[in-house]
Every structure is written in structure tokens, then in C-alpha cells.
Amino acid sequence: MDMQTSADVQNRRITKGFMLTRVGVTGIKKPVRVVRSDTSNTLFCNIDVFVDLPSTQKGSHLSRNLEAINEEVEKSLHNGLPGIEVFAAGLCRSLREKHEYSTYAEVCVTADYFMERPGPSDKLNLESFKIMAKAVSHNDDILKKMIGVEVIGMTACPCAMETVREQYSTNVTMDDCLPIISHNQRNIASVLLEVPENLDVEANDLIEIVEASFSSPTYEVLKRSDEAAVVLQAHREPKFVEDVVRTILSKVLERYPDLPNETLVTARSESEESIHKHNAFAERVATLGDLRTRA
Amino acid sequence: MDMQTSADVQNRRITKGFMLTRVGVTGIKKPVRVVRSDTSNTLFCNIDVFVDLPSTQKGSHLSRNLEAINEEVEKSLHNGLPGIEVFAAGLCRSLREKHEYSTYAEVCVTADYFMERPGPSDKLNLESFKIMAKAVSHNDDILKKMIGVEVIGMTACPCAMETVREQYSTNVTMDDCLPIISHNQRNIASVLLEVPENLDVEANDLIEIVEASFSSPTYEVLKRSDEAAVVLQAHREPKFVEDVVRTILSKVLERYPDLPNETLVTARSESEESIHKHNAFAERVATLGDLRTRA
Amino acid sequence: MDMQTSADVQNRRITKGFMLTRVGVTGIKKPVRVVRSDTSNTLFCNIDVFVDLPSTQKGSHLSRNLEAINEEVEKSLHNGLPGIEVFAAGLCRSLREKHEYSTYAEVCVTADYFMERPGPSDKLNLESFKIMAKAVSHNDDILKKMIGVEVIGMTACPCAMETVREQYSTNVTMDDCLPIISHNQRNIASVLLEVPENLDVEANDLIEIVEASFSSPTYEVLKRSDEAAVVLQAHREPKFVEDVVRTILSKVLERYPDLPNETLVTARSESEESIHKHNAFAERVATLGDLRTRA
Amino acid sequence: MDMQTSADVQNRRITKGFMLTRVGVTGIKKPVRVVRSDTSNTLFCNIDVFVDLPSTQKGSHLSRNLEAINEEVEKSLHNGLPGIEVFAAGLCRSLREKHEYSTYAEVCVTADYFMERPGPSDKLNLESFKIMAKAVSHNDDILKKMIGVEVIGMTACPCAMETVREQYSTNVTMDDCLPIISHNQRNIASVLLEVPENLDVEANDLIEIVEASFSSPTYEVLKRSDEAAVVLQAHREPKFVEDVVRTILSKVLERYPDLPNETLVTARSESEESIHKHNAFAERVATLGDLRTRA
């Protein structure tokens, strides 16, 4: 790999060192080709990789990380891979081999992602999302892979709606077609699932779960009547950031009855509040077991 | 300044060079003390400075820029300055002197800024803003200074409101206390005025102008009834990004009847649309003269 | 396009409005397929589009922008386009048609980009770049398109090298194989060319120009001996940010003898100085005519 | 606090909810006044705060967070506080009180920070840093506070230096005043210490520790001879990211012999490699106890 005739400064033995938790490279950009059913997508990935380093070794051989990345990228470009989490897992395994001294390896991958989604009048439209994958290998433990998505949606506030109703609505029966005004805003929500390597979770399913957890999904193209339908939908289902996270969690439980109890779930919702200069935020980190028993 | 005994590589004469429009340093962080009436604020500024460079000179003496910045920072810390645009103007003048070969100098300064603003129930609250200043000196032209502010507010969409009314509202007379639902969102608007050095524009006034141009200002702390008042206010004054920019322009005309026609105005509004994943944007760049004659 | 039966609030006539310079949407993410010779790449683009707005019209029909984008994206996905600047130009033309009131349209597109480049030992490697395209249409003027690239490279400082030599080097004849130490760092340089629509500039050529203008290009994978070769190369060609910009300009002149004098060139170099917390910066904005006559 | 006459939607009991790990607000900007010995600094802070939420409660009362922040900001502006970690701790305690249902609270604060540092020729200069503080309160555990700093410095690569020496240096005795060339670059390093609330760690000390762990510190203003001295210093102490982290850890052990073994330390170094487009990264997360026993 590295020329042994040349100075291998990294490989020097040192006596008063400390072990290091994570040593690696960040911000590598590479294309990864993902093939699902009959569609092939080349994703533009941002990749970070790390291994640990014993206290007695001066440095980690960082160029091996790039060699490992290039080999896995090549594989994906030639053969296609079922997902970026599979890319991450393969790369993680390769890092453990190339850094023979390592007891830990970690790979993080993020990419922009497009998926056709039906709009309010059912016309398909190409919407953009972020997908994230991570793989972690520790000693002889089974390799864990994580797959996640980040989706932009819309929330309308249930509290402001209720207060407006109380304070400003007269006794006259309201036009029952129309909900009361509230503040609404862009919300960025994500869900990440960690599973053993042999189990499978599809990014497309996770996108559907998160998209269905907002007050309303959002769309790039909306004709005027579509716009009205989205506004109405959002006000008929007002939601706090807390509600978005809890809906995601419910839908994850429903969608994955067969995933093991140890599966780790992280669900998050951040709302770019229209009435404030700051954001509202909610998060749950839990195992499926905890969620199933409502612990 | 620079030791003439040491190699002045920058100062070397070259024969096949090109003149350069802007050479300088970016991303310098320094405190600048601003004293207005009886209040003193030390702002954390991000500073970029540039001068031009003749085709015959190899390099610009970049360390002189830092010396100039340090001298002006010192002055502001000891004596206080009336505004960051005055800091920018002084620094711009100093750059022209220190780079004796320059025919152009430019200084850009941005800073976070706090100002007490009355909330919906008139209680004062510390809100955060961005202020921007720029100074440009060209040949023997009068030095121009620019002062601008960026403010976060809220817009409610007039179009969605109208479409909802048309499509979903029945013939029953609506409760006339309450506007119809629409989508609303965080909006980031800014205004920048360029004036000759001897004229004065206050950042605080510009903040008031922009804040009053949204559907509603936004606030860090809102009790429940305040929240309802803000929502109501926003829906009573629905605005496109275009409306925000035009309102800013109107208010600038009203507020500054004495500024000369050549004064350059840039007004901008960007809306983080709640129903889309992208933003809406509007901008006008014009002289006060153009605005006054509606050209 | 928009349903005329529904409330066209944007289309309302107003009397005391101001014309707006640019109204549009920002941050749209879409795939664009680029086919050059026999290679096809689907780029993940970030798109901003704008048109102007007459003073008498309340709003711009923003959904038309998304329709125009979708149509051009469809075309590129089905037929492929020779470059993102051709995508930008087609979109710009479409915007002028869809906004029948417009006298101006502007389209900005950026994308990550991969290109195989030979490393120091001539092995090909996939390196990452940014490409930018812009198209501007004004009244009946010929549509202008701009194509640019941003490249990461390395610079070593000529001044520090000279001062170290003067101050620390003894009279003993230096080992003439090895240059003197200096500070070196990551440099981000870009070049952008504006040409009439019928002329052609290739992003790949611009990448080669900028890459050859640093002290040394940079590479993702470097074996140990390659690393030494890059370090040596960088110190044999020490360069200020000014030198990087001037080299780009020279190479542009050489490479494009047939582009007209009116062609606008913007070249820029920003150095993340290793000895400072701030950056060094140089820029030239000029026509090819100015550069040819060294004006 | 909140008007009980008005709709307290957040307070509603729900039956099929999930507990949430963290609910709060992010991106609040506020000034905090820090008084140490006889110097007073008003820092511009970015603040995130969170509490947990029981499964039976619909929402967290987010406006209480802003009330808590405002009260602590007021205190700091009137009386001054010894550090932003003390601000964070006070705020964390207040959150636990205001959210009477909470079993967890977390406060994160970051701020730009200026400190006078001696340059290579001992002249004092105002350099910029980032400081970070965090406070965490869990059940009846002692409140933990964390204080950290982020510092920009310079590293020169020991490996490239060695390889250049081997491959290009002739047998002639080298001028022993001068080290061999290598690549060097901007490095961003940080250290964070977590201590029980009653113990004290000063940001200024942490800045000195990190600054002394690079190949060389960096400076805003450098005269030509200073620049040469910095370059020489960096090449006399070439360091990998691993070396930077290990040096920080050693210095932390030396500086804080009295901090308890449970004290958590996170040290990190990220190098914006000049010869690559990506970064190199190293990190250790450990207790002082682990570090003391070299575990």
C-alpha cells in the first residue's frame, strides 16, 4: 500500500502517546451509484471516515482511507449498490482491514436526493431531500448501519390557532369550511434508523414517513388551487414540533414491526418559526423496544 | 512600515502583469466600539478590505491592511465612533494612504446588533439584527459610505388567502373579526443606503423602516395573547416579497426627504416559503432620484 | 398557465408601486443531465431565477418560474444538454416568454462536478470541482451566458520564502535540489467568462486553466512519494493570490484568442492563509479587450 | 407565567404520546456580560436550550425558555458573570424550575471571543477565538457544566518533510539552520472540559493550551521578519492532527492536576490540508482518569 522503502513516519512507535478515539478525513466528495429495482441514480456524496489509533502509534495512514473510498466508489460506479448505507457498510469493513491496528471504524455519508412525489392534484413532481447513512464497526461486534432522511415540510401552530379562536372569534357560528388563522412555517424534520448490517431499511420509505408527519408536505410547483389546498390541509392538521416527532415515531413503529427491539431511532423536527427570529426544536432518541413499550 | 532592509517581494516591478481590481484580506474579526447619544456598544465585526494594484507591481502589502484595521479599532475602543459606517470610512481613507499606489479602496463590515424594540403589548425586548457598512474610495471622488440593516420578520401570502376565500368560503357572512387563513413564513429583508461621507443615516432608523414593512414584525418573547395579536396583524396585512420591498422604498422616501437624488438604495426581501422548499425573492436597486420620479 | 377563473392577485394593477429590478425564486434543487462527447452526467444543481416587474403590477407569477424550470429539467433529462450554461440560457429565454411583462431575466446555476485528472504519477483520479453558470437576457439584447468554475489548489508564499532565505540562511551553498521553507495553504480560485449565447466555452477547459495557475494542484489520493512531489512543485513555484489571478488571466488570453473583446472575465483567488486566521484575496474583473491591451 | 385563562394547548393531557428527549428553542442571539478580574466583556452569544417532555403532555412551554433566557441575560448585563459557562449553568437551573415536569435540561452557548496574545516579537495583538459552554442537569444529579474553546493555528506535516528529505536531499550537509520543506496549513483545534458546577475552568487557560499545541500559533498582524519566524517555528515542530490532539491532552493533564478523574475531556484537531481538497481530523473523548492511567 504505502511504499515501505519510504519514510513511514505514521508507523513510528511512541511511548507517551494517548490512544485516539477517531482519526480520519472529512469532506471528501465522490459520486456513488445507487440501483434500486430498475432505477439507477448517481448521488453526489459528502463522505467522512474515521478509525481509532493505538497509543503507541504516531499516526494513522490517512491515504489508506482515500484508497478505500476510491475502491468502493469504483465498485458502485461499475456494479451499482442498493443504497448509500450499503456503500457506508462496505467502506467501514474495508477501513478495518486496511488499518490493521484499528478496533473501531466509522463512515458518515450525506447526499442530496430527488424523488418523484405526488402533488395535491396528484401530478408527480421531482422533490429534493437529503439522505444520510452511517456505518460503525467496533471490535468483533456486528457491523451497524444507519440510514436516515431529512425532509422539508410545513407546520401550523395549534396553540396560536386556539388563542386566536378564544380571543377574537365572536359568537356567530363560524363558516365551518374554514379553520382559524395561525402562524405556519417551514419545518425540517429527520429520522435515522440504526440496524444490524443484514437488515434493510429503504430511504424512500423513510421519506414517505417524514413527509406524512408534518401539518402538510411542501411542493416545488403549486398552481393556485393547489396552493389553497395545501394551506387548508396544514390548518386542518396543526402541529407542534413535538407532534411531528411523535407522528414520525408512530409511523416508524407501524412500518417496521419486524425490526428488532435494539434498533436505535432518532427523530427530529426543527421549525423556522414565522413569529420568532429563532427556531423551535424537538427530538427523541430511543430504541424501538423503548418505543414499543412506551418507556 | 515594512522593513526596507528585508526582501520586499511585493514591491518588485514586473513587466507582463495585469492590474488587479481588488486585492486584500477577508474574514478579519475585530471589536468596534460604537457610541450613539449616551449608549456605548462594542460590536463584533467581520471585516473585508481591498485596494487595487497596478499592473507593474508584483504584490499588495497585505500586512498594511491589518495595521490600518488595528489603528482604527484602537481609535474606536478608546474614543468610540458614531457608527460602523464611520469606522469603514476612516479605514477606507487609511488604506488609500498606506497603499500609496492605490486608486481604489473598499471596506465591508458586518456585525450582529441588538436593539430594544417594543413587543405587541409594548414591553421592551432585546431583538437581534444584522448591520452592514461599506465604504468606497475611488481616485479623487468623494468617499462614499453605505449603511444597511438586515431584519427578520413575517409575511402572510395575499394570493393564497384570496384563493382560499374564493374556493372554500361559503356564502354565509364571515365573522368579520377574523381574516382568512393563508401561508405565512419567516422573511429576511434588508435595506442599504449609499451616501457621501458627510451625510448621516442611522442604522436604528433603517431597522424601524424594515421592521414596519413586513406583514408583522417578529419577537423573541411572546405571551399567548401576544402571539395571537401577531398572527392577526400578519393576516390583516398580507404581503408578497414584492410588497415588502415596495413598502421599504416608500418609507425610505418619506424618512429621507433631504438625501440627494444620487443616493443609491438597495432593498431586498427573501421569504422562506412555508409551502415550498425554496425561497421567494424580490429586490430593487435604484437611486433616490429614480424612486422620487417613479422611474 | 394559472387558472384565470381563480383570483390572480399578482396580476392586479396598482398605482403607487415601484418597478422591481429582480423578483424570483432561490434555492431550487434539480438534476440536469449534461452530455459532452460520449459521457453523460446528471448534475445536482442549485438554481436561482429572476425577472423584473413593472411598477403597475402587484406581483410576479412565481409558479411560472417553477414550471419553466421543470420544463427545461425535463428536456435535459430526456435529451441531454451540452452544459449547464446551455440549460441556463434556455431557461432564461423561457422566463422572458412566460413573464410577458418582463424586460429582464436572470438565471444562476451552481453544481458540484467531478472530473478525472492525472495525479503527480499520472494515475487518473476523480477530483471534485464546482461549476457555475449564469444567463442574462435584457430587452432585445443578445442573450449572454456565463460559465465558470471554482477549483481548490495550493499556494506557497514567495515573500516568506525570501525573508527566511535572507534572515536564516548561512553562507554555505544550499543544497540546490531543495527550495527554502515558506508557508503554504489551501487556495480557492475561480474564473467566469461571459459570452454571447452562440459562442462556446467548456467548463473542463476552465478547470484545467485554474488548476494550472496555483503553486500546485491538489489531489485526493497521494502516495508518499507523490506527496513529496507536490510539496516540491509548490515550493518551486511560490505564488501570491495576485500571481494566481494573473496566471489565470494569461492562460485565458492564450486559450481563447477568438473570443470577442467584449467578453467579460472575472478571475478570483482566495487563500486560507496558514499563518493567519483570515484569508488573502485577489480579483480582476475585465473584458478580454482590456486584458489584451493590458488596460 | 402563561395566562391560565387562555388556551394552554401545550398543557393538554394525551394518551398515546411518546416522551421526548429534548424539546426547546435554537438560534437565540443575546448579549452576555462577562466580568473576570477587572475586565468586562459583553459577548454576542448564540444560545440553544432544551428540556425533556413527559409522554402524557402535548407540548413544552417554549415561551418559558425565552423568559428564562431574558432573566439570565438581564442578570449578566446588570451584575456581570464570571463566564458563559456560569451563565449556562444558571440558565439550566432556571429551565428545570420553570418546566416543573422536566427531568432533564440542556443549555448550549457559543460566542466569538477576543483575547490579547503576544506575537512572535512579543507585541500584544487582539486575536479572535470561539468559546463554547454547555450545562446539563439530569434528575437530582449534580449540574454539570462544560467550557470549551476553538482556536485557529498552523500545522506542518512531519511525513512529507521526511519523504522530501529522503527523496530529494543530496549527501551534502544541509544548512542546519533551516528545516526541510513540507506542506503546512490552517488547523482548527478545540478542547472541551466537563466539570461539576462548583469547579472552575477558565476559557483563557484553555486558549493558551490549544494555541501552544499547534506547530505554530497564527497571528493577525505579522511584519516580514515575524512571518519568517512563524514559518521557521512551524517547520521546527511539524505535527500531524494526531500530535495536536495528544499535545492538548498532555497539557490539560499538566494544567489541571486537581480536577477529578470523572472530568470529561474532548480534544479535536481538523486540518484544512493544503495538498488535498479534504480535511484531516483527529479526536479523543476521555475522562481525565483514563488519560492519567493512559487507558
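When the chains are written out, they are named A, B, C and D in that same order, and each has its own residue count from 1.
As a convention for this text, a residue touches a chain if its C-beta (ideal position, glycine included) is under 8 Å from a C-beta of that chain, and two chains touch if they have at least 3 such contacts.
For clarity, every value in this text was computed on a predicted model and none was experimentally measured.
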Shared interface partners, meaning chains that touch subunit B and subunit C: A, D
Sort out for me whether A-C or A-B is joined by the greater number of C-beta contact pairs. A-B
Most remote chain relative to subunit C, going by C-alpha centroids? D
Gap in Å, rounded to a whole number, between the CA centres of subunit C and subunit A: 30
Indicate the whole-number Å distance between the mean C-alpha point of subunit A and the mean C-alpha point of subunit D. 26
Whole-Å distance, C-alpha centre of subunit A to that of subunit B, is 35
Note: subunit B residues in touch with at least two other chains are 6-7, 28-29, 128, 159, 163, 166-167, 220, 222, 224-225, 276-278
Arrangement of touching chains [line / ring / star / complete / other]: complete
Give every residue of subunit D touching subunit B within the complex, in rising order. 2-3, 6-8, 28-31, 41-42, 44, 63, 66-67, 70, 73, 112, 114, 125-126, 128, 220-225
Could you please specify the touching residues of subunit D with respect to subunit A in the complex? 6-7, 9-10, 16-29, 48, 50, 53, 55, 58-60, 62, 158-159, 162-163, 165-167, 240-243, 245-246, 249-250, 270, 276-286, 291, 294
In their complex, what parts of subunit D are in touch with subunit C? 127-128, 152, 154, 159-160, 163-164, 167-170, 172, 174-175, 177-186, 216, 218-220, 222, 224-225, 227-228, 230-232, 234-235, 272-278
